[in-house]
Structure formats: structure tokens, C-alpha cells
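Listed below are the structures to be examined.
Both of the next two complexes hold subunit A, though its partner changes from subunit B to subunit C.
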Partner chain A sequence: MNSLYHGIKAIFVKDLVLELRAKEVLPSMVVLGMLIVLVLRLVSQVGDLNLGAMGVGALWIAFLFAALLAQERSFAAEQHQDCINGLLLAPIDAGAIYLAKLLVNIVMLGIFEVIIVPLVILAFDLNLAGGFGRLILVLLLGNLAISSVGTLFSAMVQVSRVRGSLLSILVFAILLPMMVPATFALLITFGINPDDMAGTGMVALTGNFRTAVGFLVAFDAIFITASWLLFGFVVQE
Partner chain B sequence: MVSESQVQNKDEPALHIEGLSMRFETRRVLKQIDLQLPAGQSLCLCGANGAGKSTLLRIIAGLLHPSAGKVRVQGYDLREKPQEAKPLIGVISHKSMLYPELTVEENLTFTAQLYGVKDSRDRVKQLLHDTRLYGYRFDRTEILSRGMLQRLAICRALVHNPCILLADEPFTGLDLPSSQHLVAVLHKFHQAGGAIIMTTHDTHYGLECCERIAVLDQAELIFDAPVDQIDRIRFLDDYLTYARQNY
Partner chain C sequence: MRRYFLCLSLILLVGAAWLALSVGQVDEVVRNIVYFHVPSSISALSCFTLILICSIGFLASKKSAWDYLATAAAEVGLVCATILNITGMIFSHQQWGVWWTPEPKLITSAILWFLYVAYLILRSGIATARRRGQLCAVFGIIAFIDVPLVFISARVTRGNHPGNVGFASGGQWAAFGLNILAVALLSAMLIWLRYDILKGKSQMEQQLFS
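And now, the complex of A and B:
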């Protein structure tokens, strides 16, 4: 247990130092996020689109694409000079590598969320009717889901020549069932009436806010545990 | 560079390989390898490209799982007790396994943390002094020359005081002074009681650094003899023919 903690801590700190030095990931995440918000805000002025719903859509689209940028880089530094083997030679559980990388991705996406969410709230004039606590809860669960899936598949696709496109295909496909309750929960948090969602299938699939959050918790728990346990098979030759 | 403390089971050989075979799909890469390396002995593994040298080293390092057979490091089964076996192994590879954006000191400290080295600051300082890299400790690894990078990679391999050092083609790309420095480091490690397995195409270095030579040919270990029992001139001339004739 002690070696697991030391391994996670060492890799987590090392990755943060590398990102602070290189400044590769976070600036591109923020620029991409702002671009998505700007384009969707412009589009939302056409016709009588629901501004609140567009804002929620802008948030999830920005989270997903910005997270992919960070996750694609997650194991890139380890491929250079065969550093991944340096990690695997050490007497630490391979799961520690996954958990450390997951933490880094959660932090990166968390910082991104802190920057983008207020921007979207202002740009789309969102009303935080569900309360700040609910917003934090949904964002955290969404962050965990996106990061846990992305971190695992990022390691899997590193050896591929087309890792960028392969990563997005795999991550989006796996996250699809999670996006319905996540979007529903955020719509409720921003005071969108469930009656306005008739015809989308979200109410029928999710039910209410509590069920949506329960689904997200289950998704996160299953995916993080399974990824942690399976990670050794993913990175070992 | 190696302390006595890492030699835990003095009665056990540093390395014991038993019936080791490896297949990549239908291709057999290693066939029934049996090898024992006593503590403090150095072995040079020779063979043509594709003979299985690097695969054997990767299996001993725990990076590959063999199709059959067992590897024990000081009595610890590498598959069953990796937490005990892995800290006893140090690896020098073709690639440095160092992060270019981290400084010289940060790279070593990071590795020391992964291995749970106590007093890691002192250990890192001592290694940097030994390899004359102390003056570069705050420099990023990306600015180091090939020779300095190799010296740092050696520090990385030794930071946790292993009892066995695996060196895969360690002389590749090194100029003469860097190669001589590496020979000196290997001698020092050996004199301190560390066991070495080294692969090389340069049999001259193999004879200079090791007291035992083994030859891998088409996935099989066909030759294994102490250096002082080898006809050096014939061996240096064509080691593969020599090994096949003495099989």
C-alpha cells in the first residue's frame, strides 16, 4: 500500500512539473474551449433556440474535446526514451501508473472547468437554479468519467500511428451511455424544465436528477476500478 | 556504487533461469534456456541480431512474461514476487529512460522515489559525484551530450543499489572516453559484489568487462564458458563459428 502511494505521488508530481514546464496542454485546452463556446454562442442567436440548453451542450462539448487533448498527451512523454519501461521496471503496481495519470487528467480538466464554466454561465446567461453544490457534483462526476475512460484508452492507443483519431473514437463510444444522464443532470442544475426535454428521450432514460447522479456514480466506480485492475495487461508487452 | 545491503540471500545465486522459452505467436524466440549467475559474477551475452539477447534481458527485467520457465532473482520468483525481485535489478537500455524536460537531479530523484530509496538526496548526490555530473545537476537532461546521458542512465540504473545489472548494448553510440568510463563503472560495480549481464556485438568489450561469455544462436544458448578458458584470438575473429564448433 505504501509503495502504491509513493508511486502515485512520484508520477503525479513529475507529470505536473512536466506540464508546468512545457505548457503544452492547458493553453491549447483553454483556446479550444473558448472557440467552442464562442461558435455555439453565435449559433444560438439564430432563430429561437433554447439558450440554456445550448449552454449546457457547449459545456459538455468543450469538456470532451479539451479532455481528449490532455489525454492524448498523457502517455506521450512516457514513449519518448522508453520511459514507460522505466516505470514498469520499478517495484510499483502498474495500477499506480494509471491512478497517477488519472489524477493528473482530473486536475487538468478541473482547471479547465474552473475557467470555462463561469464563461459559459455568463455567455449563455445560465441560471444556477439547482444550486452550486449540484453543479460541482455533476462536473466532478463527469470529470471522473471522461478522465477515467480517456486515461485507459490513451495508454492503449500509444503504440498506434493513428492514436489521436483512434482515441477519440474509442473514448466517445464508451462515454456515450454516460452522456445522457450527465447532460440531463446539468440541464436540471441550470433550471431547464424536464417538460421542455420531451421528445429527447432523456427523461424516459434517466427519470430524475437523483437517478442520473446514481448512474454517473456507478459508471465512475465501475470504470475506475476495472481500469485500475486491467491497466497492467494494457501496458505490459 | 553498490552496497552490500542489497545482497539479501547470500546463499542464493543472483539469477537463476530454468527452462525458459519464449514465443511471439508462431515464432520461437528463446528455447529452453537454463542459466545460473552467482552473486558477483559478470556474464556477456553475445549473438547475432534477432538471436534473442534483448528478449532474454527484457524477461529477466520483468518487462516480458515468458511462455514457459521461471526466472528467480536471489531466490525470488520474478512472476510471483515482483515487489521483492524488481528492486534487486538495475537496467541500462538502448534508450535512456530519462525525461528530457526534467533536470539531471530531478530524473534521479524521481527514480529513487519510485524505488522507495531511503536518504534519496544523499544517494543522488553521491552518484552524481561518482559520474562527474554534479555540476550539471540543475540542467535539463535534453541539453546533455550522448556520453553524459549514458552516464546519467547508469546512475538511474544504480540509484536503488541493485545486486544485478542488466546492460543491453550499453556501448552503442558511445565515443572512446565514454566507453572507457562505462567499463570503469562496470568494473566498480562488479568489484563491489554486483552481478552483471551484458549484451554486446563488440566481443572485445565483452572479454574486457566480463568473466564469463555465453552465446545465443537461433533462440538457443549454444555456448557458455569462463573468459579465461576461451581462445581469445579465435573468439574475437568469429565468435559465432567458435561457439558452434565448441557446442
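And now, the complex of A and C:
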């Protein structure tokens, strides 16, 4: 247990220091997120579109795309001079490497969320009717789901020639079912009436805020456990 | 042996279609799509289950036979999922006036289709056979986590999508059952055929490059 903790801590600190010194991922994440928000804000002035619903869409799109930038670098950095083999040779469980990389990605996406969420709330004039606690809860659960799958697939696509595009397809396809309760919960948080979502299938699939959060927790638990257990097969020949 | 089974499944398919048309309409003309829609959905979900079994088998035993079988299942499953979505869209256009709308069952069958596509894209993106088998097996297992949601939502949730179709006569039930059997048999035969082709291709590559 102790060696697991020390292994995770060493890799986690190494990656954070690397990012703090090089500053190559987080700035591009934030700029990409801001551009996505800007484009969607331009579109949402047309006709009688629901500004609040567009804002929620903008948030998830920005999270997904920005997270891909962080995840793509996550294991690409270890390919230089076969660093990944050095990590695997270290006397720690392969799962520890996964958990450390997962923590780094969660922190990166968390910092990104702290910057971009207030921006979206201002730009789309969102009304935080559901309370601050609910917002944090949904964002955290969404972050966990996106990062857990993304970190595993990041290690997976390193053997391929088309890393980035492959990663985006895999992550988005797997996260599709998770996006339904996540979007629903965020819409409720921003005070949009469930009755207005009657034709969207989200109400029928998720029910209410409590069950939506239940779905998210279940997804997170299953994704993280499965990825942790399967990680060894991904990195070892 | 397989040739006869393949012929049998094709004859069964034509016979089942003929029987379905001769036993009268289900509610309205467009609802006859149920005879192809439901069987292909059953086959699509079964193929995904087969991928899961093959993935676990491959990770446990490292035998490439599991890998060929998973590939064959994914290809046939994609065809079934495509038929499922296209027949669904025809129904949707006739009944509701739109080609696609966010309904629970429509969302989940779209997800199923995307999972198959992602699986096959991953497969085509990796060059070495051994790594390909291993990574696709991992993806197959992770992707299967999404499948219970597809299945449960299709049974449980409400919406405009018709639920259990009430067939008027025993003849219609027989036609329905025969269609399920025919599509399942055809899928199984196609998987078998693809499996042999993939196996032969790999053996040929080994002989050429060794």
C-alpha cells in the first residue's frame, strides 16, 4: 500500500512539475475552450434559441475537447526515449502509473473548469438556480468520467500512427451514454425546467436530478475500476 | 457444410419475409418494419456480447482465434446495427415526420452504432497483430459497459417509440419468430465466413513475411 502511494505521488509530482515548467498544455486548453465558447455564443443569438441550454452544451463541448488535449500529451510525453519502459521497470504496480496519470488529468481539467465555467456563466447569462454545491458535484463527476476513460485510451493509442484522431473517436464514443445524465443534471443545475425537456429523451432516460447523479456515480465507479484493472494489458506486451 | 447452412439461412430469410407479408399488416403498413427491425437489434446486441466473450478469452489465453472471432462479430454487428438504425429512421419518418429525434431508444441505438464504428476504427489504426488484439480486447470490454444501458433503456423507458408490439394472430407471431431465427442464423453464418477469411489471411501473411 505504501509503495503504491509513493509511486503515485512520484509520477504525479513529476508530471505537474513538467507542466508548470513547460506550460505547453494548460494554456492551449484554455484558449481552445474560450474559442469554442465564443463560437457557440455567436450562434446562440440567432432566433429564439434557449441561451441557457446552449450554455450547457458549450460547457460540455469545451470540457471534452480541452480534456483531449491534456490526455493526448499524457502518455505521448513518455514515448520519448522509451520513458514508459522505465516507468514499467520501476518496482510499482502498473495500476499506480494509471492512477497517477489519472490524477494529473483530473487536476488539469479541474483547473480548466475553474477558468472556463465562470466565463460561460457570464457569456451565456446562466442562472445558478440549483446552487453552487450541485454545480461542483456535477462538474467533478463529469471530470472523473472524462479523465478515467481518456487516460486509459491515451496509453492505448500510442502504438498507433494516428494518435489524436483515434483518441477523440474512442473517448467520445464511450462517453456518449454518460453525456445524457451529465447534460441533464447540468441543465437542472442552471434552473432549466424538466418539463421543457419533454421531447429530448433525457428526462425519460434519467428521471430526475438525483437519479442522474446516481448514473454519473455508477459510470465513474465502473469506468475507473475497469480502466485501472485493464491498464496492465494496455502497456505491457 | 457451411454452404448448406448459408443457403438455408437465405431461404429462411426469404420465406420469413414472405410469411410476414402474407399474415396481414401489423397496425399500419410501416409497422411491418418490426419484422426486420427487432431481429437485427437482437443480432446486434448478441454480436456485442460475443465481442465481450472473445475479448476476455483473448486476454486470458492470448490465442489469435479469439481475435478473429471478435473482428468478425464486430463487422457483422455493425451491419445489423446499421439495418436497425435505417429501418428505425424509415419508421420515424413515416410515423413522426422526422428522420431522427432524441428519443431514448433512438439515442441508445445510435450509441450502439458508434461503439461498433469506434471499435473497427481502433482495429484499423494499429499495425502489429498482437498489440491490436490486446488493445481491441480492452476496448471491447470497456465498450460493453455501455451495452446494459442500451438494453435496459430500450425495455424500461417511456417515449413515443412503440414498446412491445401486440401481434393480432398466431401467424404474425410465427412470422416474427421465424424472422428472428433467420437473421440470427444468417449473422452466425456470416461471422463464421469472416472468421475463416481472417484466419486464412493471417496465415498467408505469416507465410509471406516469415
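Details
Definition applied: the second predicted complex is superposed on the first by the 237 of 237 C-alpha atoms of A that agree within 3 Å, B and C clash if a C-alpha of one lies under 4 Å from a C-alpha of the other, contacts with A are read in each partner's own complex, and residues count from 1 in each chain.
Basically, contacts are C-beta pairs under 8 Å (C-beta built on N, C-alpha and C of every residue); 3 or more make two chains touch, one makes a residue touch a chain.
A quick note: this is a predicted structure, and the numbers were derived from the prediction, not measured.
In the superposed pair of complexes, A:L119 makes contact with neither subunit B nor subunit C.
In the overlay built on the shared chain, the residue A:L205 is in contact with subunit C alone; subunit B does not reach it. In the overlay built on the shared chain, the residue A:S227 is in contact with subunit C alone; subunit B does not reach it.
After overlaying the two complexes on the shared chain, residue contacts for A:I188 are found with neither subunit B nor subunit C. Contacts of A:R21 after superposition on the shared chain: subunit B is touched, whereas subunit C is not. Contacts of A:L166 after superposition: subunit C is touched, whereas subunit B is not reached. With both structures placed on the common chain, the touch criterion links A:I174 to subunit C but leaves subunit B unconnected.
Within subunit A, the residues touching subunit B in one complex and subunit C in the other are 237. Residue ranges of subunit A in contact with subunit C, taken from their complex: 149, 152-153, 156-157, 159-162, 166, 169-170, 172-174, 176-177, 180, 199-202, 204-205, 222-223, 226-227, 230, 233-234, 237. Contacts from subunit C toward subunit A in the complex involve residues 59, 101-104, 106-108, 110-111, 114-115, 117-118, 121-122, 125-128, 130-131, 134-135, 137-139, 141-143, 145-146, 149-150, 153, 157-159.
Residue ranges on subunit B touching subunit A, taken from their complex, read 58, 61-65, 82-84, 86-87, 89, 91, 93-102, 106, 110-111, 113-116, 156.
Contact residues on subunit A toward subunit B in their complex (touch as defined above): 2-3, 6-7, 9-11, 14, 17-18, 21-22, 77, 80-83, 85-92, 236-237.
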